[in-house]
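Right after this note come the structures.
One chain, chain A, links the two complexes that follow: it is found with chain B in the first and with chain C in the second.
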Partner chain A sequence: MTRWLSKNLIRIYAALAFIYLFIPVAYTMAFSFNDSGKRNLIWQGFTFKNWLNPCGAPEVCTALGNSIKIGFLATLFSTILGTMIAFALGRYSFRGRNTTNLLIFLPMATPEIVLGASLLAMFLNLGINPGFWTTVIAHVMFCISFVVVTVKARIASLDPKLEEAARDLYATEWQTFRRVTLPLVAPGIAAAALLAFSLSFDDFIITNFNSGTVNTFPKFVWVSSARGVPAQANVIGSAMFLIALAIVISAQIYSSAKARRLQKKH
Partner chain B sequence: MAFAHAGTATASKPGRAGMRIPYLLLLPGLLWLLLFFVLPLINLAETSTKTPIAGGETGAYEQTFRLQNYVDAFSENSAQFSRSFIYALLATVLALAISYPLAYAIAFKSGKYKNILLVLVIAPFFTSFLLRTIAWKQILGEEGPVISILRTFHLIGADTSITATALAVITGMTYNFLPFMTLPIYASLERIDPRLMEASGDLYANGLTTFRRVTFPLSMPGVVAGTLLTFIPAAGDYVNAQILGNPTTKMIGNVIDSRFFRIVDYPTAAALSFTLMAAILILITVYIRRAGTDELI
Partner chain C sequence: MANHPDAAKTGDLKLSSITKSFGDFLAVDDLDLVIPKGSFFALLGPSGCGKTTTLRMIAGLEEPTSGKIYLGDTDLTDTKSYRRPVNTVFQNYALFPHLTIFENVAFGLRRRGIKEVKESVEKVLALVELAHLRDRKPTQLSGGQQQRIAVARAIVNRPALLLLDEPLGALDLKLRRQMQIELKWIQTEVGITFVHVTHDQEEAMTMADTIAVMNEGRIEQLGSPADLYENPKTAFVANFLGQSNFIKGTVESTSGADQFVNLQGTRIAIPAARNSSTHKSLLVGIRPEKFRIHNVGDATTGNKLEGGVVTDISFVGVSTQYQVEMPWKQELMIFEQNDGGAPNLRKGDAVTLSWEPHFTFALDGDEDVKSGLAGVDGE
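Moving on, here comes the complex of A and B:
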């Protein structure tokens, strides 16, 4: 018994850590089925009605729609800009490299509240009213660095021999990039885009500073938390969780199936 | 997570026309950061030394280069400052204590379930972090399961509560930043050549010695990245303190937020933001020097 325990101690510890990680998720999901009325604080009974009517609480779907739109635009811009920087850093030597690295690192080392407050102060100074587009601008700004480090890591892990082989086979620089480099870096770009979307979608602090009267899902949750979050917010949170999990798991299955197919061929 | 990987890059030899390519690639992104990150910071610095216009309306300030603003801002809020750093430090240490064994188990003990377990570490992220923090408030609250279990077993008195305490705030912070700690540690453990650990065993080191002398030192870049990714957002956080705390657990983030929005005291908010950022950057620099890993930047 003691031997089994000491041998599996670390596994038990990990299992407990996972329970800790999932307690609030389970709680959020459970309370999406609560027959609660307005204040979703105490368990009243099981119901599907919140799931059948996720837009039942006022404003919740407008806020969700804004979050999705902002997330999509922020992901698009930050992935393009960040990937370009990652290629410059990963593939070229140039003057100003260290300064660039520092400029990429600093936004990640700055607390969100400083990023949010400084940007809003500038917008107000310039007489720009914060709203939808100022939020997009802010999100692109803090997502770029995360895209750069993710894509750069992927570029650094590539086998240079593959590109050399393409050049040996008389591929032009553009062909090499288009047919060899880009497909190899693509999973890194996809991961960066997913990361950017989830950072943007879940951001509260910077958004709260720069969105003016535009409501987003985290803002909705924050404002309603004072008097009890409606169960519809739990439905949306749970649905996001299930959708994201499904995407990630099917991507995993797809890539491992592809790896197995490739192994069989050779 | 990607923090740990960054660093090495294979530079190619660009031709004459190729000289311009890296700059063209950098231009739009760096311009964005210049306009919406660097310029706002300069503007913030400028705001931080302003003073109210005599007889002007609220929110109207003029530049008087009053550096005393910093002294005032700091001395009025030194309690919240030290609280921010103490809470963030405690949350970081707790997150490290939970994450390291977790990352170790995933890297070395999980066999074919490795990828699934990694997904599970990130998965809680997919539920809004505000919803999860509010869930903690209810779980630790008066009607929640934790209190009633502890009371049933007489582990705490009837008048002791967890909700709205420093403990709840630190629990929430530890929880919210846990994946930021776990993933970089996992990434650096994963990269360790297992032959190094075998070699240590062959040289008669026991499991503990192998861990202390081989595995742990090799995982240091991940530990450094993880502690930074946890500490930085934790020190500037005000969401956990707002939802899970009480007025005596206010952190510097709460002060900046209320100075900005409720009191429209932009200079103080700016001075506090700058002090916070400077303090964090100094800590990071010292810490990275100490830990001896420049791999991060």
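Moving on, here comes the complex of A and C:
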């Protein structure tokens, strides 16, 4: 018995950990099939109704659309700006580089509630009404730090000899960047963009301060949670989860198929 | 293979008073060097003596603090590295990890806008015998294969000059010997000037036509491998290339081509051409394998030193190594081939040493006999 236990301890532990992690997800998914009417708190029977009509609840798809739009714009701007900052910090030495490095960390270390409140104060002082664009600006601001840190790590792991080799092999500065540096840093930039999108999509606190009357998906869920979240919110949450899962799995399959193809060739 | 746009402009590589300093540190110190077109040239020296820095300046990856670099009549000093008809094989190869072997090799040709890439790349892959790996990524290759791809990626461009920065440093001994032969063969095959940096004296001697021995940012001596070995001009060179016995002596007289030297009380002859010093006090150098060892009283030819006592004998297969203590309390090292020529000796036996005068070399008496030894030990 103890032998069996010691042999399988790690498996049992892993299983428990997974159960712990996935119970909320499973709960969300299960309740997306609940024939609930208005309040989605008690199981009242199985139905596909919610999945067939995800925009059924008032506002839910407007909020989702806003979240996607804001997420997309915030990702675009923060990835471009953050990548440029990361190159500047990772590749060039200039006065104030260390200070910049430190300041980049600041938004990550500051409590969101403080950031959100002070941003709102700033917008109001400037006479800007909070709305869609103030939300985008706020999101770009906190996403940039994460992009810089992610991309900079990738740049730091890049062997400068590779760029020298490119220059030695007749590549101009631009060609070196385009053909060697960028492709090698690209996985880092992609990871940073995904991170930025999920941070933006997920954000509630800063958004709540700075979005005025514009509704986002987290805001919608928060507001409706007082009355019981409609099952459509579960549908959208589950769908997001499944899409992300599908992307990860197909990436895995693609890369292992590619590896197998290479193996076979030789 | 595609011709290089600058192929016509090739010629000898000339470094003229090249200096490179990093802050107050002089990495390369007023270097003058001519590397003849088509030669296999080795830059040999201990770690940190400025070999890589010199190569990087030739490649255009580092800017000289002062001095000029010429290829034939063209001044390359201010030319961008991507405009120089020079390619480098980097120490750790620096193959592009995101590109296939084929695309790695094609990189230089594509950047120069050459159309018939396929044929050239396939030809050079065949030359290094790795055509079957063309679709792999660099990480899927062994160290030796990566090394050959790095060479292929450079020579496919038909540069006027190929720079190799310790290209064999990462390989094990057996593979290194094999690659030395292969590189030498490739060089004769393509006829490109090779500048090969190494701190392995054996590698430099077996591969190069000409060796420049570098020390602390300067060239100590330049010559053919045999010339450097037989007639070193400094203790550093003598120690860096092989082993030497140094004995202090003073010049007594010169008659014609011969010089007579008082070597710790014994009068010996050396050819005047073998003395690179003008001073009276000398450091006389004799390589261990040049000595012959005799029982006392046996007939000898050439120079002779008497009164030695064997203090140690070690048998190493092809030869036997003796330590002999001389009357002036100096230990000399003698290597004898195990061909039956040497007498049977035991520790404590009294012996006489002899050698041919033309195997002697003489240096300034104030040379440091230990110079260059640290570099050898350090490797």
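Operating definition for what follows: the second predicted complex is superposed on the first by the 246 of 266 C-alpha atoms of A that agree within 3 Å, B and C clash if a C-alpha of one lies under 4 Å from a C-alpha of the other, contacts with A are read in each partner's own complex, and residues count from 1 in each chain.
The working rule: a contact is a pair of C-beta atoms (placed from the backbone, for glycine too) under 8 Å apart; a residue touches a chain by one contact, two chains touch by 3 or more.
Just so it is clear, the model here is predicted, and its values are computed rather than measured.
In the three-chain model built by superposing on chain A, chain B fits alongside chain C with no clash. Remark: in the superposition on chain A the angle formed at chain A by the CA centres of chain B and chain C amounts to 90 degrees, rounded in steps of 10.
By the touch criterion defined above, A:171 reaches chain C but does not reach chain B. Of the two partner chains placed by the overlay, only chain C lies in contact with A:162; chain B stays clear of it. Contacts of A:101 after superposition on the shared chain: chain B is touched, whereas chain C is not. In the superposed model, A:140 lies in contact with chain B only, and not with chain C. Residue contacts after overlaying the shared chain place A:129 against neither chain B nor chain C. For chain A, the partner that touches more of its residues is B, with chain B and chain C as the two candidates. By the document's definition of touching, neither partner reaches A:2: not chain B, not chain C. Once you line the two complexes up on chain A, you'll see the smallest CA to CA distance from chain B to chain C is 9 Å. On the chain A side of its complex with chain B, the touching residues are 10-11, 13-14, 17-18, 20-25, 27-28, 31, 41-42, 81-82, 84-85, 87-94, 100-115, 117-122, 125, 137-138, 140-141, 144, 146, 148-150, 152-153, 155-157, 160, 198, 202, 204-205, 209, 217-218, 221-222, 225, 229, 233-234, 237-238, 240-241, 243-245, 248-249, 252, 256. Note for the complex: chain C touches chain A at residues 59-61, 80-83, 86-88, 90, 92, 94-98, 107-108, 111-112, 132-133, 135-137, 140, 153-154, 157.
In the complex of the two chains, the chain A residues touching chain C come out as 159, 161-162, 164-172, 175, 179-180, 183-184, 262, 265-266. Put simply, chain B touches chain A in their complex at residues 1-3, 5-12, 14, 18-19, 21-23, 25-26, 28-30, 32-34, 36-41, 43-44, 47, 98-99, 101-102, 104-106, 109, 115-117, 119-136, 138-139, 143, 175, 178, 228, 232-233, 235-239, 243, 253, 256-257, 260, 266, 269-270, 273-274, 276-277, 280-281, 284, 296-297.
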